[in-house]
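Quick one: the structure is below, and I'll ask about it shortly.
Should a chain be cited, it is by its letter among A, B, C and D, assigned in written order, with residues numbered from 1 in that chain.
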Amino acid sequence: MKVIILINCPDQAGIINSVTQFIHLRSGNIIYLDQHVDKSSDIFFMRLETEFQTDEFSAENFKTLFKNELAQLYQMHWSIHLDTHRPKMALFVSKYNHCLYDLLGRHNSGELKVDIPFILSNHPDLKFIADQFNIPFYHIPFSKENREAAEEKQLTLLKEHKVDFVVLARYMQIVSERLISIYPNRIINIHHSFLPAFAGAKPYHAAFKRGVKIIGATSHYITSELDAGPIIEQDVTTVSHSHSISDFISKGRDLEKIVLSRAIKLHVLRKTMVYNNKTVIFS
Amino acid sequence: MKVIILINCPDQAGIINSVTQFIHLRSGNIIYLDQHVDKSSDIFFMRLETEFQTDEFSAENFKTLFKNELAQLYQMHWSIHLDTHRPKMALFVSKYNHCLYDLLGRHNSGELKVDIPFILSNHPDLKFIADQFNIPFYHIPFSKENREAAEEKQLTLLKEHKVDFVVLARYMQIVSERLISIYPNRIINIHHSFLPAFAGAKPYHAAFKRGVKIIGATSHYITSELDAGPIIEQDVTTVSHSHSISDFISKGRDLEKIVLSRAIKLHVLRKTMVYNNKTVIFS
Amino acid sequence: MKVIILINCPDQAGIINSVTQFIHLRSGNIIYLDQHVDKSSDIFFMRLETEFQTDEFSAENFKTLFKNELAQLYQMHWSIHLDTHRPKMALFVSKYNHCLYDLLGRHNSGELKVDIPFILSNHPDLKFIADQFNIPFYHIPFSKENREAAEEKQLTLLKEHKVDFVVLARYMQIVSERLISIYPNRIINIHHSFLPAFAGAKPYHAAFKRGVKIIGATSHYITSELDAGPIIEQDVTTVSHSHSISDFISKGRDLEKIVLSRAIKLHVLRKTMVYNNKTVIFS
Amino acid sequence: MKVIILINCPDQAGIINSVTQFIHLRSGNIIYLDQHVDKSSDIFFMRLETEFQTDEFSAENFKTLFKNELAQLYQMHWSIHLDTHRPKMALFVSKYNHCLYDLLGRHNSGELKVDIPFILSNHPDLKFIADQFNIPFYHIPFSKENREAAEEKQLTLLKEHKVDFVVLARYMQIVSERLISIYPNRIINIHHSFLPAFAGAKPYHAAFKRGVKIIGATSHYITSELDAGPIIEQDVTTVSHSHSISDFISKGRDLEKIVLSRAIKLHVLRKTMVYNNKTVIFS
């Protein structure tokens, strides 16, 4: 059985040794260890991939021991993840279909190792794609009047399907504080600019107006502040005076697809850790 | 004799034909023609490289005819540039030496086809490099009290040496409005961020704090608004959580050197045109 | 009516002027002109986007005049293309589905302005995707025995559907000389390496073995020499010692999709011209 | 005192635990640990940055214990490096000056933490730059007749100055087998192509002829097979049909400078390990 352990805590001498010894004493083998110290805030981060004998391993037991022998001592934030769990990912979309097509193609070819219990949209337009790929589609429109009821429906769906994390694949609707608080660092958005440049609406138009020579896309965890959450992944492509706004949008689509899919893969592999509104991305 | 012609004017049918015919009738040969229409503002841009028989060509005569037969008709902004003129480039620096070393190395190896009449600094620290490369160095310190006198000295030097354009190679001092008005679109700055992200002071620190995954550098013409002038060239490089601020600074140095030198080369080859606070960069 | 004109011929003075005047005299307006001279072989290239009054324009007439007045004089290779023709693109695939999904997604969202009359494969595996997107699928298996009959079937299909160009979207079967001769510079392949490095089979394995730090993908026109045709587009991504061969393959998939789709778009916009086994890519 | 430990050995369970415990028991603190397993060849790699109390630490003692308690048990290839040693780097050049200027600029600004005891060349042309930067310059010409004597002189110089590693900064002369055997994985070359494409002479000319859309540069350790040693670092830049060979050369110069300087920094920080003619580059 493969077990991934994520840790962060105040930095001090001896942590690596303590953790590796703890695993060794439980007959675990460390397959991969990646560690980082943020010297500006003296925080220690570590991600371990370990292997245990399946028949002997008890997750509950391991957690109790880990907490008592290590976590309390070092004031750790920590989590463990078993590879027997296949994450459930909900997709939220609006009218743009490029990210949706891209993610469903990747899912079908086995590249995205998740289950997709449903696609949710505030518009009915993309239902036909959900049908093409045989995935349930829920149309939950939003208006000033129905906001609370609509949010309630979203939460009910997420709960019913035991969704682990949410991907906003160009979902053009503000996500409620309540949803964010229930899924902290588990709602992944794709913003179509190189953040923090051009946060907010119509970033391609703003980039065109400013005359930049490079445009970008940014995938980040949603927080209550718009387009200001911890950045998971970014990428860019060159543009020139010869490109119109619609060229920007077209070039940007490829960026959005790639950046979003990379961010999702990092999240699924438990390679992300958040602190101080930033991410550590383990290798 | 090689003559470069730069034009912009309101777009309409027939401009290309009129200009190419004008050149043809004066026995000129078009070596290269690059043209662009900004459809959002209906402006036409063109850059021509032409060849004329040296003994028959009179620049004054050509200018008069061009003005009377074409420029007035099409309401052109235009300029012509003869390859017999080698541009004079003044370098302004402060304490950082990486861009200075880079530019002087390129100059010595013949890559930068300009004369460098002098290096000017508000600090004495880099005089030794000017000496290494046998270029006059002027130390003009700035303080609240001497500001006007210092600016006057700058202008006198620029005038005396018939400087064509100024390069701010990490010059950490605000350039006066007066200097900008005398050298419109002829003062090239390098800013150590991917503008418009992180304008102003300490962009690497701000980028580190925001947790971006890519940093950049931007070369632009100086305008009266700080870090907001027309962008000539940008480039980026990836960073990660594992990089400290000093890593950002170190990686950024390479970006700054390359982006600034590319912008200078584009300017020297007359491949830049400015409008609406943006640049057209001809190929 | 929009008309694109592509020209190449031995370089000499006066070509641009002659062509622009020819168009002007037929009441055409030049919207875009891009031109290039290969100085190592003294060949002149030009691409013009022009506009003519639809009711007055006769393509046949234009072609005859162009041939008689210009093409013969300058020994031009040339072609004209009317925007009233929507190109027909056949897709050849084998077992990998990522490029197929990507192209069909782009087609559905209107990004690829072509008709796709059919998908052809030497394996039945991807029929379900053709079904998902409602496109006819032809399974034409290849073996030593049936080679000639299979090639005949391919040609018949291409002829029947008046296919303009063929895209090999990871088609793992050698294309016949006869097909290449019927579609010169009109069969676009995606090779999963940064050519000319790692031509031939299993390029990701070869790249892994060599320990390169960057991998690439190359889209090119098929010629009779394997992986040696004129390159249309290339792109790369970084890899490290920490990536396995399957990581290379996974990262490469994204490159392949983007590079192939870019090449197709350039071809459809008539922005490619081939000479000396190289391409000119107009802007 | 900071001590860097580099290890590789056949992979097996327990290595990380054994090494971290060994350091812990000697009162060392692990500041950074990066580890990798090459699964295709079952080799384990690790780099540790550790801190020991300076007054208690004996390198000789540590080495003996490490060898007896760990290295023999796990069949390790290993080395330890104290930060009290500042490496001595010899520069070999010929006629191109861009890499030389770049490295000396970086050295002067404190970016390259090495001593440069001398610059050696088979041509006298760049002596003036060595003089500019006050570094001894040795001109050792090569001809068929004097080859052995010249190589002898090289070796004598390297030995006299206790040189740790050699950088070939566009040194256009084959390095002798004997020199390579004395400095295994300690001679760093910059090749002006994206290896393995265009190995050998005149790579920019070959790239131009092939019509590639991207060119590159590669820094690698010299082995007896030309341009086939373990790759340390690569980078690329885009080119187009509009670039001449001299444009390739000019764009390539910037790549060469950056790629070579990055490789040198990785080497100096002991972040490189070589096996199977490939490198592991620690983060």
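Keep in mind that, in the parts below, a contact is a pair of C-beta atoms (placed from the backbone, for glycine too) under 8 Å apart; a residue touches a chain by one contact, two chains touch by 3 or more.
Only a predicted model underlies this, so the values are computations on that prediction, with no experimental measurement involved.
When chain centres are defined as mean Cα coordinates, C lies farthest from subunit D.
Looking at which positions face the partner, subunit A and subunit B present mostly the same ones, since more than half of the interface numbers are shared.
Averaging Cα coordinates per chain places subunit A and subunit B 42 Å apart. Taking each chain's centre as the average of its CA atoms, subunit B and subunit C sit 38 Å apart. Those residues of subunit A in touch with two or more other chains are numbered 242, 283.
If you check the complex, the residues on subunit B that touch subunit A are 36, 38-40, 45, 194-198, 208, 210-214, 216, 230-236, 240-242, 244-245, 276-281. The part of subunit C that touches subunit A in the complex is made up of residues 97-98, 101-102, 105-106, 108-109, 111, 132-133, 242, 250, 253-254, 258, 261, 283.
Subunit B contributes residues 13-14, 16-17, 20-21, 23-24, 29-35, 37, 283 to its touches with subunit C in the complex.
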